Amino acid sequence: MSLLETYKQVRSHTEYLCEPLEIEDFVVQPVLDVSPLKWHLGHTTWFFETFVLKPNDHNYKEFHPKYPYLFNSYYVSAGDRWERASRGQLTRPTVKEIFDYRKYVDQAMHQFLSDGNISEELKNVIILGFNHEQQHQELFLYDIKRILGDNPLYPSYREDLKETKAINEKFEWLKMDEGIYDIGFDGAGFHFDNERGKHKVFLHEFQIASALVTNGEFIEFIKDGAYRDPMLWLSEGWDWVQKNEVNAPRYWHQEDGGEWWNYTLGGYRKVSDDDPLCHISYYEADAFARWKNGRLPTEQEWEVACNMYSPNVLLKTNFVDNRQFKPIQTSDYDFFGNVWEWTASAYTAYPYYRPPKGALGEYNGKFMVNQMVLRGGSFGTSRNHIRSTYRNFFHPHLRWMFSGIRLAKHI
Amino acid sequence: MSLLETYKQVRSHTEYLCEPLEIEDFVVQPVLDVSPLKWHLGHTTWFFETFVLKPNDHNYKEFHPKYPYLFNSYYVSAGDRWERASRGQLTRPTVKEIFDYRKYVDQAMHQFLSDGNISEELKNVIILGFNHEQQHQELFLYDIKRILGDNPLYPSYREDLKETKAINEKFEWLKMDEGIYDIGFDGAGFHFDNERGKHKVFLHEFQIASALVTNGEFIEFIKDGAYRDPMLWLSEGWDWVQKNEVNAPRYWHQEDGGEWWNYTLGGYRKVSDDDPLCHISYYEADAFARWKNGRLPTEQEWEVACNMYSPNVLLKTNFVDNRQFKPIQTSDYDFFGNVWEWTASAYTAYPYYRPPKGALGEYNGKFMVNQMVLRGGSFGTSRNHIRSTYRNFFHPHLRWMFSGIRLAKHI
Amino acid sequence: MSLLETYKQVRSHTEYLCEPLEIEDFVVQPVLDVSPLKWHLGHTTWFFETFVLKPNDHNYKEFHPKYPYLFNSYYVSAGDRWERASRGQLTRPTVKEIFDYRKYVDQAMHQFLSDGNISEELKNVIILGFNHEQQHQELFLYDIKRILGDNPLYPSYREDLKETKAINEKFEWLKMDEGIYDIGFDGAGFHFDNERGKHKVFLHEFQIASALVTNGEFIEFIKDGAYRDPMLWLSEGWDWVQKNEVNAPRYWHQEDGGEWWNYTLGGYRKVSDDDPLCHISYYEADAFARWKNGRLPTEQEWEVACNMYSPNVLLKTNFVDNRQFKPIQTSDYDFFGNVWEWTASAYTAYPYYRPPKGALGEYNGKFMVNQMVLRGGSFGTSRNHIRSTYRNFFHPHLRWMFSGIRLAKHI
Amino acid sequence: MSLLETYKQVRSHTEYLCEPLEIEDFVVQPVLDVSPLKWHLGHTTWFFETFVLKPNDHNYKEFHPKYPYLFNSYYVSAGDRWERASRGQLTRPTVKEIFDYRKYVDQAMHQFLSDGNISEELKNVIILGFNHEQQHQELFLYDIKRILGDNPLYPSYREDLKETKAINEKFEWLKMDEGIYDIGFDGAGFHFDNERGKHKVFLHEFQIASALVTNGEFIEFIKDGAYRDPMLWLSEGWDWVQKNEVNAPRYWHQEDGGEWWNYTLGGYRKVSDDDPLCHISYYEADAFARWKNGRLPTEQEWEVACNMYSPNVLLKTNFVDNRQFKPIQTSDYDFFGNVWEWTASAYTAYPYYRPPKGALGEYNGKFMVNQMVLRGGSFGTSRNHIRSTYRNFFHPHLRWMFSGIRLAKHI
């Protein structure tokens, strides 16, 4: 696909995600981590305006002098910005005005990309812009779910989502031999700076599960009283459970009679035992693994096992283009899609890591502390966005994203 | 006016206030004290549904089973309610749905009020509903200003507001003799429970200002370094100044060159020296009075002076029907309208105070601690809503409401 | 008594209170409101050094250049000071060093007071110093109780305190006629600035209880579920109950079997039904009065009733010189001692109030917001410290001081 | 040394550390992380009482029934405990009573260790008790410094500490070859569970500094404006700098004229340029490395370099038995003592990690999230306590411990 075609395809997916929503849904910020949906629309557009059009297109005229201030996220070197915690206080610009901003920048980008003559370096920035927007598309889904799923009216995001029957896979422990493996990205295509620096690691032999932990398995964990047993938890995890009175995954509610129901993007439904578990924190993933006498894989173990058993990402199924908007087991040995898988690895720099110069060097490197790595993408991820070397990362207490568990163990 | 006519008039004023707004403006709650505008629309409607229609109209069918949960404010005896601090997280029901709710309840109320046969007790509840909605109409204006006025785009609430020239009144000290005075409501018309219990007080002789403190006078206070001099402030006031880095009234900004500008409902404008000061906390009112070698009047002093010098509220000018949407000096000796006037009196019970039985007994009485009394109404108040005995009350640190100063002193 | 004799008597009472304590007890600050005991020792000494010796005794040499910084409380005009919230972090100066400081200042004061030639103005400052130290002696007892009473070992403050049998008084409603009364101090002796400004008030007729509310009566309130009934509470009171899970007065614990026990300065003991209730917040006092169909008296009602029924403070019994260290009913109509009595009055300025010039003007005036008035003194008060016009004040949520209830009602 | 001799030696070191202190110093807890010194004395004693005497010595009688509640730290399986954040509120038991407790347990332990017949498993618990007390001895020094060093009187911990002249070492980059290395403990002696599970890692070639970063080098970092340049910091590090207004290492103050002084355990002194840098957070270590175009070593790199260049810990110098009570460069290639060295590694489990069963399994494993590893020991560490495999860990924002920097880089 040409840059222009990809640009159109990526940008139109954002609009597709907006379709079922009401204007009101675009405005609020219930907690710091959830940005208003309209902010995502402006911010992804600001990225192209700031890093592509303004420095490279001499005909381009800034859409609005205050928008950079409103839509910069955390790029210190790109100038001052409105405080993140107060994004949900801004009712203006309106959703319509932000869509006008998108159209204005889209027109300029269409022209600019048609004119050709784009340096390799700038091309990389543009492709980074695509991946950046894809990341925000996935955040957009997390945030929609957080906004609608805590509303006592439980409004559906989409009315047209069917209950897909999960395929109950045969569970296997997949064996991996000890040895020296290559880790990290070393090809020609797009990748983030944090996965660069291909390097060798020695792995002892281990086993990794062929399938994700299911809701049914997690209900056993709950029934066994695990949320009330401090011996299963990391100390900070136990504090988190106590302080927040956590007793189930996010969006789960126990109805009279004891059945577990949960909010899904298709509405309020009974928890399906065979579906992959979703919306758990690292603390819960870690406690579950301990309870099950297993452990989480390291990110290196995950990467080499994925390369072995799930080499071709394009064949795999449950990405956002699947339009399920929920995790569902669909094929054997699938390390991609469905839910991001918590690993036992803290997010730190690879041996030869160097962030790029300038504002884009702030993209990944400055977050390398106090977060854990997740791998594999989710049902909200775009198919052409993910790789086996892709490193996602979140703070261990978070669980509004689409996160789940694949177990590992020693032999 | 008949009950029906008054109902229509009060309810349509709410819709008038909504006209200039965008849907986005109705959704957010920037701080605890500011409720989403759409919540006000639902809550005032819930009042009529809950206290008039459901107990009295046997034909009435509840509009939605969850709305009482969403739109009850603080009436413990009226059932559970959604947490106040989280009102701004709810994007649904949409603004349109809430207007549908209003129309549905309005139709039922029109029918009910046309059918007649309304007991005196129920009539009082209905009139309370009118006054309740009028209070929320004024809060609605405070909240609009808070939402638009902190937006760096400074969007106007109304584009059609002209800069009215203030009449620079001749300032006088009005004398009041010592003696025994009657305080509180004792007539036949509507009044709140907290102003009932007419009783006698002895007042020593005093003087009270004929006019409100102006912006120009307050700029002198600022220039004199008053915001940096702890000796002028109550101890908690000084803590508040320090912690919040307060150096001017709310919505004021000092531009390069030193000129003071402020956000008004007509947009961002230069502070007008002759206009009455607005948007100050009790702490600032108290510090200003000390700096000026005066004091604030007690609520009793205010009430008897108002009865003496400003007896006929209906002749007075700058209420919300004036459509100025800002304070402006317009006539001599006017104790009504423009800005609520901070008094030196804490909000406590009158000697014979008894709250009514039931949920409506929660209206005023349970707030009688840690708040200060304000008197007289503002440019956001409805003309038929105010009286000389009317007791408004706010916490001393608040200033998003339309609050100002009238000085008093001993002779 | 001469100034010198009074000085010695007041200062030695501080040392008497210290006698039973361990060094460790002098160091900690469990919450903001509780100052370390050794800080009280230093601060009261600093008062005489700063306001008497340094400006008036040319031979006096400052004890230590950093002590003013460490022992100034809140007198902005007396210079910088160590942050109040961090007093409990300072292990030095040691208790012994602070006693050395006391001795050093005492010697200088003895000499200074012996030399005579003290102006009337300075004499007033010295007497203010006595009253200041007496206030801190009482705070010292509150703080001792807070420090020892929350320790799971429940160490006694004094081992020699006997269980005194309460006299079960005949309860009466004392009647007061309507009329104009004088309020405030107008004599020759010592008084605080906040009680000055004798003025007239009109009071409607009322009744006031001859005795304090007892523990037994309050147990009925608890048994009736009052701590779980929001309709009995001020809104902020109910929030306070919920947030702090309050279900009894401070220092009360319900043992297995349901009996109420409480920490007293004599150790952990069964709650005595006939003793006056102690350690309640304004919120609890207000809720109890409502539950009992009464109300709290205003401070004006309290003062005129006290002048009528309890005119001679010196005849009354349960002050700190009684060495009971607990409240106990001992004689009829006694408005003094035992427990400070919450009134329905917010702490605001009297009509003609003017604070003195200079640092001592910060003593009382700057606290006149968000606090409620208490009257009458307690079992921790010095007999020669209290008057019927004396206005004590605390925030409504506090209850580590010796606070109780006397009811009033309308006729 | 026999168990008994080691017991006596370890326990007496605690008393040695207490010698110069005042009783007041033992009581306070200025922040959550700093426990009262007397608590350390009780807690280390409780360890022997709880895990050695009570389950194994049938003659042993518990010293006090409430002490387990007061002195358990975080061992959930060992019973309820007093809340950590409130340790500083307890003035009782007194220091003397806790020393009595120590003597009582010491006598029982002396007898028990003399009687012999101790199983291998119990022996390991006793030796863990020694190491546990040694860890608290080091924390004791951190906490002393925190308590005295923030006091505006700057009291010395010891008056007898001389200014030792640092040896200005020749700085070298030490080279390490790429290859497979063994990591973790695999011998016969004492070790913690978290360093067990010897395993192989592949390391690419790297260089590591022969010496620690000095104060002089860090002053250059400050002078270069590094504390004001967000591009040098991790995002959470920058937030930490801003929120806490950090502009220098802990205990440093810039005096008039610009010279840097710092509180040391010997008092307030000028910062010595040649001494190793101490009291920095991970954020500062990471920012300094970035500014210097280097990086921190991983814990694996540190361990193999230490094994290569600094194999014999016993020959090394600046441990607590040196009685310097400060870091000082004393010999070449010394990876031990002086300051704990921040590594780039998050504290997570080794591949074959399994915590022990029971309460002692709570010792290390439950903290394996959100902390960073430090290696090598400090001037506060006991010589027989440290190993090249020893993993210490702290949250990245902490710096009251003796922490510094050794740089690494790629070749």
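Things worth noting here:
For clarity, chains are labelled A, B, C and D in written order, and residue numbers in each chain start from 1.
Assume a contact is a pair of C-beta atoms (placed from the backbone, for glycine too) under 8 Å apart; a residue touches a chain by one contact, two chains touch by 3 or more.
Being a predicted model, the structure only gives us computed values, none of them experimental.
Each step here moves to a touching chain, and the least such steps from chain B to chain D number 2.
Between chain B and chain C the centroid-to-centroid distance comes to 38 Å (mean Cα coordinates, whole Å). Taking each chain's centre as the mean of its C-alpha atoms, chain C lies 46 Å from chain D. Put simply, the C-alpha centre of chain A and that of chain C have 59 angstrom between them.
Residue positions of chain A touching 2 or more other chains: none. By the definition given earlier, chain contacts exist for A-B, A-D, B-C, C-D. Every residue of chain D that touches chain C in the complex is listed here, in rising order: 22-28, 30, 38, 66, 69-70, 82, 86, 88-95, 147-148, 150-153, 155. Only residues 74, 76-77, 180, 199-202, 204, 206, 230-231, 233-238, 282-283, 286, 295, 344-346, 348-349, 351-352, 362, 366-370, 372, 396, 410 of chain D touch chain A when the two sit together in their complex.
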